[in-house]
Every structure is written in C-alpha cells, then in structure tokens.
Amino acid sequence: MQLIVNGILMGAIISIGAVGLTLVSRILHFFYFGYAGMLVLGAYFTLTFFNFLGIPLVLSLILSIPLLALLAIGVDRLTFKNLRSRGTGPFGMMVVGIGLELLLRSGVRLIWGSDVMRYDLPITRAMVLPFDIRVTKNQLIIIGASLALMYLLHLFLAKTRIGKAMRATADNLELAKIRGIDTERVIMWTWSLAAISAGSAGFFLALDTRLVPIMGWKLLLPLFAAVILGGVGNPYGALVGGMVIGLSQEVSAGFMAASYKPAVAFVIMTLTLLIKPSGLFGRGG
Amino acid sequence: MIFFLTYAAVYAILAIGLNIQWGFAGLVNFGVAGFFAVGAYVSAFMTGAPSPYHLGGFSLPFPLALVIATIISGIFALILGIPVIRLREDYLAIVTIGFAEIVRLIIVTERNITKGPYGMGVIKPYKDLVPSGFYGLFYLGISLAILGIIYLAIQRAVGSPWGRVLRTIREDERVALVLGKNVNWFKLQVLILGSMIFGLGGAVFGHFFNFITPNHFLPMETFLVWVMVMAGGSGNNLGVVVGALAIRGVWEGMMFLSDILPQGVQVGAIRLAVIGLLLVLVIMLKPEGILGEKKTASDIL
Amino acid sequence: MLRVNDLKKTFGGIKAVDGCNFEVEAETVTGLIGPNGAGKTTVFNLISGFYPPDGGEIWFKDTRIDDMPPYRIPRLRLARTFQITRELRKMTVIDNLMVAPIDQMGEKLWNSWFRIPSVKHEERKIRDKALDVLNFLEISDLKDEYAGNLSGGQKKLLEFGRTMMTDPELILLDEPGAGVNPTLMKKLNGYIESLRTDEGMTFFLIEHDMDLVMELCNPIIVMSEGKKLAEGSASEIKQNQKVLEAYLGGGG
C-alpha cells in the first residue's frame, strides 16, 4: 500500500515533467536529452534563490522558471535553430542534445559542487495514515501542486490561442505551417512550457529527496519512457504515462530489488515501441 | 605511457566496432557500454578461479575466454536485435541506451554473481611466463595484435561487396530494397558483428585493468566511443583508431590539468564538459569527422 | 507479364487506387498516363512492394507479388527507377552499378573473408558488366565520379543503368523524361527500344511528357481517379473523349 502511494508521488513528478518533454519531442522533432539539464537547473536555481538569497520557497521556484526559459531559448537560438535550417535529422539533434546535457551537468558541478545538497527546510515528520502509509506534508504538497500545474497547463493548451497553435503544430507540423502558424513562435512557447514543466519536476524531486548534479539524467530516462508510453506529442498521454511509469517503478520494488526501478521504465518503453509504437494515445513516432 | 596506449588500443577496438555499425551502415547503437560490460564480465567469469563471491571459476585459458566472451556478446546482440532493428534511428538510440543500462543494473544488483558495486578481480593472463617488469609491454602487444586482426578483418569486410551493401543501406534504404537486398538481415548482421567486437574489447579491457566494476560501463563510455567515431571520421577505420587515441589522450590528459589549476576546481566536471562540447561541435561543424570516408570503389579487386 | 486485379489502396481516407485493373504484355513499351493524383506512382509503389494493397492482387509472370516484401521482388527480374532519382550520392558511379546485381557471393560476409578467389572472380565479372552498361549509355568517363556530383540527366542515366545490371524482364520507369533535355531523351528512347527488340525486355513507364509517350509507347494505359480509364494505341488514346475530359477537367 505504501508502495502505491510512493508510486503516485513519483508518478506526479514524472507526469509534470513529461508534459514539457513530450511537447518538445514532438514540436522540435527530436528527443532532447538536454531536458535533463533543465530539470537539474530548475532544482538548483530554486536552491540558490531560497538557500542563499533567502527568498521564499515558492517564489524561488517561480523566479527560476523564466531563467530556465531564457536559457532554453538561448540554447535553441545558438544550436537547434541552425540545425533546423540545415535540415539536420532527429538523430543529429539528439546528439547535440546529449552534448548539451553533459555541458549543463558539468556546469552544475562546477558552480554548485558535486556534493549532495538540500533545501534549508525543517525536517518534517511523516504523518501516519490508515493502512500504515507514511507521507510527509511536503509530499502531499508535491502531489497537489503537480495536479494543479497539470490543470493550468491543460487550460493553457486548450483555451489560449498559442496553446491551440502548439497543439496543432504537435499534431501535424506541415499542416500547421501551411495554415500560417508562426512555428518559430510556437517553438519559443514550447521551450517556455518545458521550462515550467521541467523546472517544477526538478524542484519537486529535489524537495522530496535531495539535489545532486546527476538527478536530471536519472529522472530523464523514466521521463522518456512516460513520453513514449503516452504517445509522443500528446500532453494528456504524458500525464497518464507518467502515472503508469511512476506506479510501476515503485510497486516493482515490492517484489524485486529497488535498484531495478529504472529498468522497469526501460522495459515498458521498449515494449511500447515494439507493440504499439505510437503509444497509448496515438500520434507518436 | 604503456598503460595509456593499451587503454587506447581497447577503445580503438570499440571504435572500429561502432564504425561498422554507424559509420558504414548508419545503425545507431547507444548501447556500446552494455556489450562492453558483457564481454568483460564473461571473460572474467571464464578465467577466474572458483570463488564463493561470484560466478565463474572455470579457469579457462585466455584465448578461449576471449572467444566465449565475443560469442556471448553476439548472442545478446541477436536477442536484442531481432525485435529492435527496424526502429528509427533516434528510437533505436534510446532503446539501446536502455539495454546498456539494464545490463549495468543487473551487474550492480546481482551481487552473488558479479560482486556488484564492489567489483571483480580479473586475472593477468600468462602472468607467470613473463618477467613482471615487461608485463605491461607484453599485454600492450597482445592488445595491439588483437586490434590489428580486427582492423584487417573489418577493412576486408567493408571493402567487399558485403560492405558495399552496407553503404547502400546507409545512403538509401529504399534503393537497397529495390536492388533485392534484405535490409533488416544486413542490419542484424552488423549489429551482431559490431557487438561481438565490443565484447571482445570488453574482455581485453578486463584482463588489462584486472579489476572491473559496474562504474566502468556507464553511458559515458558509450558517448566517448561515439565521439571517437564521429570525430575520427565515420566510415574510416584508420580515422576512428586515430580518434580513439586522440580522445583517450584528451580524457587522460585532462587529469593532468588538476595539477595546474587552482584547488577546488573539479577536473571531472571539466572532462564532462569537454566531451559534451565535442559532441555538439562535431554535429554542428563537420558531420563527416576529421578524415572523412575514402572514395572506395570496392577494393577487393 | 504483369497483371493487376482490382487493386485498392487508401491513405488516410483518400482512395489513391480504387479498383484498378490492367495488364502489361511482354516485350512491349507500355505507357501509364493520367492526370496528377490518378494513382500512377502509388500503383508503382504497390508493385514494388513498398506497402501492401488494401485489396486486389498483383501478378508478375504467374507469381503473386502483392504480399511479398520488397527485397524479394527484384529476384523475379523486376526492376524500377524513381521519379526523383535516388542515386547513391556518396558512392562512385561504378559502385552504384556494381551494387545492383542480386545475390552476389561477396555479399555474404563469410565469403568475403574465406572464399576470396571466388568472390574476386565474381566481382570482376560484375565490373565488366558495369563497364559495358556505362559504355552502352555513353557515360564511361563518369565511372569514378561521385554519383552526387552528376547532372540531373546523368543521374537519370545512372538509374537506368542500374536497372540494366540485373538483367530484368520488366523495368518500371517512373517519369524517365522528367527534367531531361530533348537530346538525351531521344537517346533514352533509343536505348529503350533497342533493349526491347534485342533483349526482349518489357518496359512499363509513367510519363507526363505526351510527345514522348505517343512516340515510344504502345499500348498506352490511362488512369484517372485510381482506376483504369482507357487503353489503346497512341492514336486511339489521342482521340478518346473520356481521356481528353479527364485531362482538361481534372487538371494535370
């Protein structure tokens, strides 16, 4: 039972992170490993604002996000835009993304050091609920905040003009261009949403556990699994996918070694690609 | 120096393996580290003395262990390859990373077999036959000999009609199909052959380093080999060997930086950054690498 | 030689091929014409096996081929070219030709390591044949040039030469005249005709250049909206009301 709750917590974190990743994967048309950098920086920027500058925690997160967005757009201008105009395929862009992840990770190590860090928060005791479940206040906040953010993102995508443009572009890039949608603007917004998504996910993970430079990479692989499971480009698929992956990983610890958790995500991802490559909700690939 | 050269030779073997897969056939394999690990551990099991802490103790002779390690890597490649070979490049990349990580996680977790994170010792073959002062040179010789054999064999293979089909597949799969070539079968062959070479490299590595842990087989190793192949010239075997030497040189050379730089600057992080930067630059500047591919009409004639 | 029965193919709601029936007789140069969107290239792709039909059958020399994977089909001596040439850009012209013959001994890895004399022997024969083809097409001087550096017309000749390397009985030509200057086109016509009479090859070609079609092809099959509209000799087709309407009405 505890495992299921852990699964929901992990699922919430993965889900909120996966939404941004699925949009980037589809609209930018490649698997962006540099997303791990955005996850990590989301956590570390917040750390800097909160631990070192004394800004309240939530405000720290909110301040970090535009920084992330600017960074992502800047990187895009420097690299991917050029590659797009050259017609580089998804593989070439992916390799650049991997290079960027390494650069960002090393940047984190150089600036903040390799040691484990934590947010300067008082230690909270876990509450004991029925069925012998233990949750901390922070964990409940994470789950709640994730759900709230997901709802906000949903509203954004469904109601705003740019949101609809993004969905149209995610659905069919060529058609969107023909319809006159400014794809460069959509791309900028995609990076911005990714910043919200990744920043929050990174922050939540750091809040629940701790900060280490490699946390982005470790979270990235289950994120990709969630994206592929849900169908690349489908934000709602990403939410469901995230929950499934989170639950599977945590519940698996009940009957196999905990160190196999990432393997569970990989196996699910591989099975998805072999059985129904477009994912649960279609349109992938 | 001998240590460095032997290390470079191991990676040169890996680079040739990846070169067949990516450079000649356009197959994206990000699971190099996984096959590397399989080869290393299998050879360690085969040659080691019996022990209650890990699998093995077959005490087989070194050459036989190399062969077995190579073959078992090939079997893994066959099992992985059959379902996965038809995926598009970036999907194949992710799945192969997944495979390599699963292999590594199994090694970490199943401590009764592999001694997990504590690592396993690997024997020095022929230790008693060679005076200890010369052993390093002796093993370097073995490594270079193996590298040489692989190099020649693969040069022959890629210059042959078989290699020509690979290049056709890399250029345009549809044309290969229209010319009657069973593209998936060729891709599978390449996956198996390359992975066997990775396994062989792993075995050579194990007996060189004499101690293997799961941390020797992180995704970073795969990225290193990829940089070697892309920077050295995809499709050019000599180029990738040079690339291996160069990148290995950069990697080790950076350790010396720690002597010059002020205290507290992390060289490990800088190494990561340099590799990352190389990956970015290689794509942005010159996808063909330094030496490029030779203009080969089939040179078997 | 080639028979298409009630062939159907739909792409996401659009019926590209909708109950198409025709036959191509041996030792002819048969034309396939029709307005844009009539389904001609789709039919070619179905014959080549790039995707399976949603209905109907394709028969080639008494063998059913619509359910075969694409790489098996050339084995039956069926070759094709592409509308936009697909030359192997980073390989030399002669390599482009030498990769074409099917089931080469040297294509088995084992053989290229352990049966070198036999492989060398076969390579020599293939190389000689490639040189002959280059000669026939009068482009021998290009043999060591990278295919990517060739002019458009030369690329067309290269693709054509590639089909000749496999000694096919039927060659599908997808718009051989596209982007080719008239002089070269006349030469191509000559090659096609001589291959037909001397070697007994059959040609089935898609073309938009009416002059070319009328001069070279007999019979001509007309497709429109995924079906065969008419069939006959050049003069018959020119006077066919339905054909004229299809072209003038449907655009093309």
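Quick notes
The first chain written gets the first letter, and so on, giving A, B and C; residue counts start at 1 in each chain.
Here, a contact is a pair of C-beta atoms (placed from the backbone, for glycine too) under 8 Å apart; a residue touches a chain by one contact, two chains touch by 3 or more.
Note that the structure is predicted; figures quoted are calculated from it, not measured.
Connectivity note: excluding chain B, the chains that remain group by touching as A | C. Comparing per-chain C-alpha centres with the mean over every protein C-alpha atom, the closest match is chain B.
Of all chains, the one whose Cα centroid sits at the greatest distance from that of chain A is C.
If each chain is reduced to the centroid of its CA atoms, chain A and chain B end up 31 Å from each other. Inter-chain spacing, taken between the CA centroids of chain B and chain C, is 42 Å. Separating the CA-averaged centres of chain A and chain C is a span of 49 Å.
Across the interface of their complex, chain B is touched by residues 48-50, 69-75, 79-80, 86, 88-92, 94-95, 98-100, 102-109, 111-113, 116, 119-120, 123-124, 127, 144, 146, 162, 166 of chain C. Looking at the complex, you find that chain B touches chain C at residues 153, 156-157, 160-165, 167-168, 171-172, 174-183, 189, 193, 293, 295-298, 300-301.
Of all the residues in chain B, the ones that touch chain A in their complex are 28, 83-84, 87-91, 93-95, 97-99, 101-102, 105-106, 108-109, 223, 226, 230, 265-266, 268-273, 275-284, 287.
Those residues of chain A lying in contact with chain B across their complex are 30-31, 79, 82-83, 88-96, 98-103, 105-107, 109-110, 113-114, 221, 224, 228, 257, 259-260, 262-263, 266-267, 269-270, 273-274, 277, 285.
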